[in-house]
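Below you will find the structure I want to go over with you.
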Amino acid sequence: MKRPTATLLISCPDQQGLVARISNFIFANGGNIIDADQHTDFEAGLFLSRIEWELTGFNLDRELIGPAFEAVARPLGAQWQLHFSDRKPRLSLWVSKQDHCLLDLLWRQQAGELDAEIPLIISNHDKLRPIAEQFGIDFLHLPITRETKAEQEARQLAAIADYGIDLVVLAKYMQALSSEFLAQFPQVINIHHSFLPAFAGANPYQRAYERGVKIIGATAHYVTPDLDEGPIIEQDVVRVSHRDDADDLVRKGKDLERIVLARAVRLHLQHRVLTYRNRTVVFA
Amino acid sequence: MKRPTATLLISCPDQQGLVARISNFIFANGGNIIDADQHTDFEAGLFLSRIEWELTGFNLDRELIGPAFEAVARPLGAQWQLHFSDRKPRLSLWVSKQDHCLLDLLWRQQAGELDAEIPLIISNHDKLRPIAEQFGIDFLHLPITRETKAEQEARQLAAIADYGIDLVVLAKYMQALSSEFLAQFPQVINIHHSFLPAFAGANPYQRAYERGVKIIGATAHYVTPDLDEGPIIEQDVVRVSHRDDADDLVRKGKDLERIVLARAVRLHLQHRVLTYRNRTVVFA
Amino acid sequence: MKRPTATLLISCPDQQGLVARISNFIFANGGNIIDADQHTDFEAGLFLSRIEWELTGFNLDRELIGPAFEAVARPLGAQWQLHFSDRKPRLSLWVSKQDHCLLDLLWRQQAGELDAEIPLIISNHDKLRPIAEQFGIDFLHLPITRETKAEQEARQLAAIADYGIDLVVLAKYMQALSSEFLAQFPQVINIHHSFLPAFAGANPYQRAYERGVKIIGATAHYVTPDLDEGPIIEQDVVRVSHRDDADDLVRKGKDLERIVLARAVRLHLQHRVLTYRNRTVVFA
Amino acid sequence: MKRPTATLLISCPDQQGLVARISNFIFANGGNIIDADQHTDFEAGLFLSRIEWELTGFNLDRELIGPAFEAVARPLGAQWQLHFSDRKPRLSLWVSKQDHCLLDLLWRQQAGELDAEIPLIISNHDKLRPIAEQFGIDFLHLPITRETKAEQEARQLAAIADYGIDLVVLAKYMQALSSEFLAQFPQVINIHHSFLPAFAGANPYQRAYERGVKIIGATAHYVTPDLDEGPIIEQDVVRVSHRDDADDLVRKGKDLERIVLARAVRLHLQHRVLTYRNRTVVFA
């Protein structure tokens, strides 16, 4: 059993003494840093960091850490998040008809690879309900038409609130989310079945086949109102040849999709991803 | 010393008995097939094949093989090319200011990896002339402006004819070729410094950096009048992270470019590439 | 629905006219070849080929194809196998306590990626029985000790015969098979959790961690009496770093294992693998 | 022109406050940290870190930084190295008859990819002298036989001293270094043409071919008296198939060798590699 840790994710304008100030805050309170990483984007003048330390022996009570760190952070103009490792994030998986990413994430969660609870699956189809039942997870069937979209998104947001969801994972959910939805709940990861920015939009495998590419890919990214344009968390590729028809690309792509999505979700759950300027820093 | 071989590249409408007819032609004339590969694109209804056999012991004189095979091919509606392994293709390498692909191809040719002669380097700049001199290769400096482009392309075509060039390799030649040029000499391979179709056009590394991709690529393709839209021969990729700035992408990309271009040129020189519908079949 | 095909896998001493003789056999009987591939190992003096043609319109009845082809094959000294695509191979999956490869293969079979029936799971532990029940597959629990091994292998062979098993897949079955077993049933594929021949034997991830490698791998191979020494069908790798401890290697390796094993099983089921001299030719 | 920086590489027993103490040292002296990375091996109880900061504006004179930091380091039981970015390391490249790694490193150095001086090439053969002359680098021909090895290693060590060499790169130098040599000069990087620990020792490509592997690799490592057993810095792989004979493996491997060696040398020159327990931490 791992001992509980606290993790700070920080971004602020680059300036002297940042590492010293932050590490002093933890050291002065008796914290033992077990992982620290940082990155400076000199072009953007931005400093980003992730620091994780053991809560055992730390002199500040949990509810005081945030306010105390704010006293350090405010003069630096820093934005920050604080996470505790023994507070499991709550995921909602959204799907349409394809099951491979859903099953893969559920297996990984059962196998202990994803440190999260998964209390809710939402789908615009009823097809994958048996999987939810098999895993004992609530399943919400919310079909979407152009006319009902606004109404159903309101239901989705209500469910997110009811279940205390921290992150929505679009595990082959074939519906775009509206700007209004994302304004209210921006923590959404999507898997796109191409090597973005190549083949953004619909039917990427068919288009990859027609273009005659020799490698196909998959991309996990945070969702923004601009479809397929959000910050990329993870990508991977696999080689194809003239012997692979469009169906083969779909089949090979499925393996990519589930692995790339799982990696991205895991990185997010470990609080290893920071975003700025539509890009990510991944402290992996 | 390898014994000389003949290689047939064939494409024709798919129909029964193609493999039998073609292999019978070779067998009946005493040929020993040492490599045969085929592909059928059922959607396109097209059969494509590459067959290589030893000339030693083959009963037909070289100059009779083509006419004799035409008698087989015509009823099949086949297009075909015939190549002899002891007739070395003649390459012209075209460059601008960057030397990494040029040096790499020259080194590979010296090392015996590229079975070709390289009698001519053409550049729109004079910068890389010393490399040509070092390798004892003629260097033609043909600067290009909008006004002089047509005139210089005429000089390029004349040089191609003079030197008996079979293939032009754009080894970081930063000029587009006109439709008129390509109509007269279509055998041109280019290296594009991105994973096409992502980042077609100018400044792919800068744009890849700004998009925050986690993998970059390079693409070798035959040149067509539509820039960066020609049939893809080979692609490869390398992983990048937030720690890589645009200059790092350029540096990492250079290794990709030279390897991907070299592979594509080698495949072409071994007559392993057939094109149809803006795609390639690579019998590798 | 794909139309049924026949597939011939052939190996014989290299000699003139092999492609012609084989393709003539098919052409003369009205067969339409849809895929043909060949390889000659000149060092071994061996010709290997895979030919697939449509049964629709073929003039020979199925039960006559073998005898008729034997008349062609015998003078060539050829060994051959004949397979029909509408006769689904029957697989038995063998496991111990880890479920990731088992679940993966079962999911792929349901998704139509593996053209096979899976009527039987055998395990030396009882732990994964619920998965067998969930998928409606018979589960045979045969614990193995040094004393009971011979007796249990007899039971395994009896079950293989009872169920008409064509291929046994060791999907993380942590027991070696005896030479006696393999002499009676040699069609067995194993997944080894390292990049063979590195880290053959026990605890490959721990040893990879201790050696400080920067890449780990997985290997699918046919099983021979020499443990981890059989013909390799497929391998793949993933990058690791000093940040990955032995547990991370296990986790990353699991993704490799299931993908590499699934690819190898699929290639075998499509009759794309020939073995000779402890090597494989994979007509992929 | 990049501004000069100082880089500290530190390893010490893990304890509280390490990041704070080290970053305070730099902050208190007016330093601006531009890169910091750390790793804790909890099993080994070891903390390792790399910190780079700008010398411009740093209040300590260069010659005082070391002594001042020693006052911080000694109580921590830390081992450390200090490097200044405007002091270029001096490399000696050692070769036998193959030129690909040598040429590749020389090109990269000319292209600005390797921030180092290369004043000396040593070889046990005379074959590559022309390359040394072309690049204006001193070439020392020191043939080695069993009888002359000790004597020639003495000459090698003298040359290393004369030229002020910081790092020896075995760029396909087909001679083992004695324990005595390494005791006197341990900073040596080698490229091994296999995916270690697979195919350690002689003729790895031939053995890889015979084993029928589907992927080959190359490994750059620090040299230790146990041949091919030193700490691994970098590895990479490439896919092969039954169509590749042993010569193809050699050819494909050469591309791996030069890229993997170049990456390892670059990482070392940027002081990004720390070793402990025969492993490396690579702060890349």
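Residue numbering begins at 1 within each chain, and the chains themselves are lettered A, B, C and D in the order written.
One rule holds in what follows: contacts are C-beta pairs under 8 Å (C-beta built on N, C-alpha and C of every residue); 3 or more make two chains touch, one makes a residue touch a chain.
According to UniProt, the chain labels map to these proteins: A, B, C, D = Formyltetrahydrofolate deformylase.
In this text, all values refer to a predicted model and were calculated from it rather than measured experimentally.
Two chain pairs are in question, A-D and C-D; the one with more C-beta pairs in contact is C-D. When chain centres are set by their Cα atoms, the one at the greatest distance from chain C is D.
Chain centres here are Cα averages; for chain A and chain D they lie 37 Å apart.
As a whole-number value, the distance joining the C-alpha centres of chain C and chain D reads 42 Å.
Touching of two or more other chains is recorded for residues 243 of chain C. Taken as a graph of touching chains, this assembly is fully connected, with contact between every pair of chains. Taken together, the chain B residues at the contact with chain A in this complex read 39, 41, 43, 195-199, 210-215, 217, 231-237, 241-243, 245, 278-282. Chain D contributes residues 16-21, 23-24, 26-28, 30-38, 40, 42, 239 to its touches with chain A in the complex. Residues of chain B touching chain D in their complex: 99-100, 103, 107, 111, 113, 134, 243, 251, 255, 259, 284.
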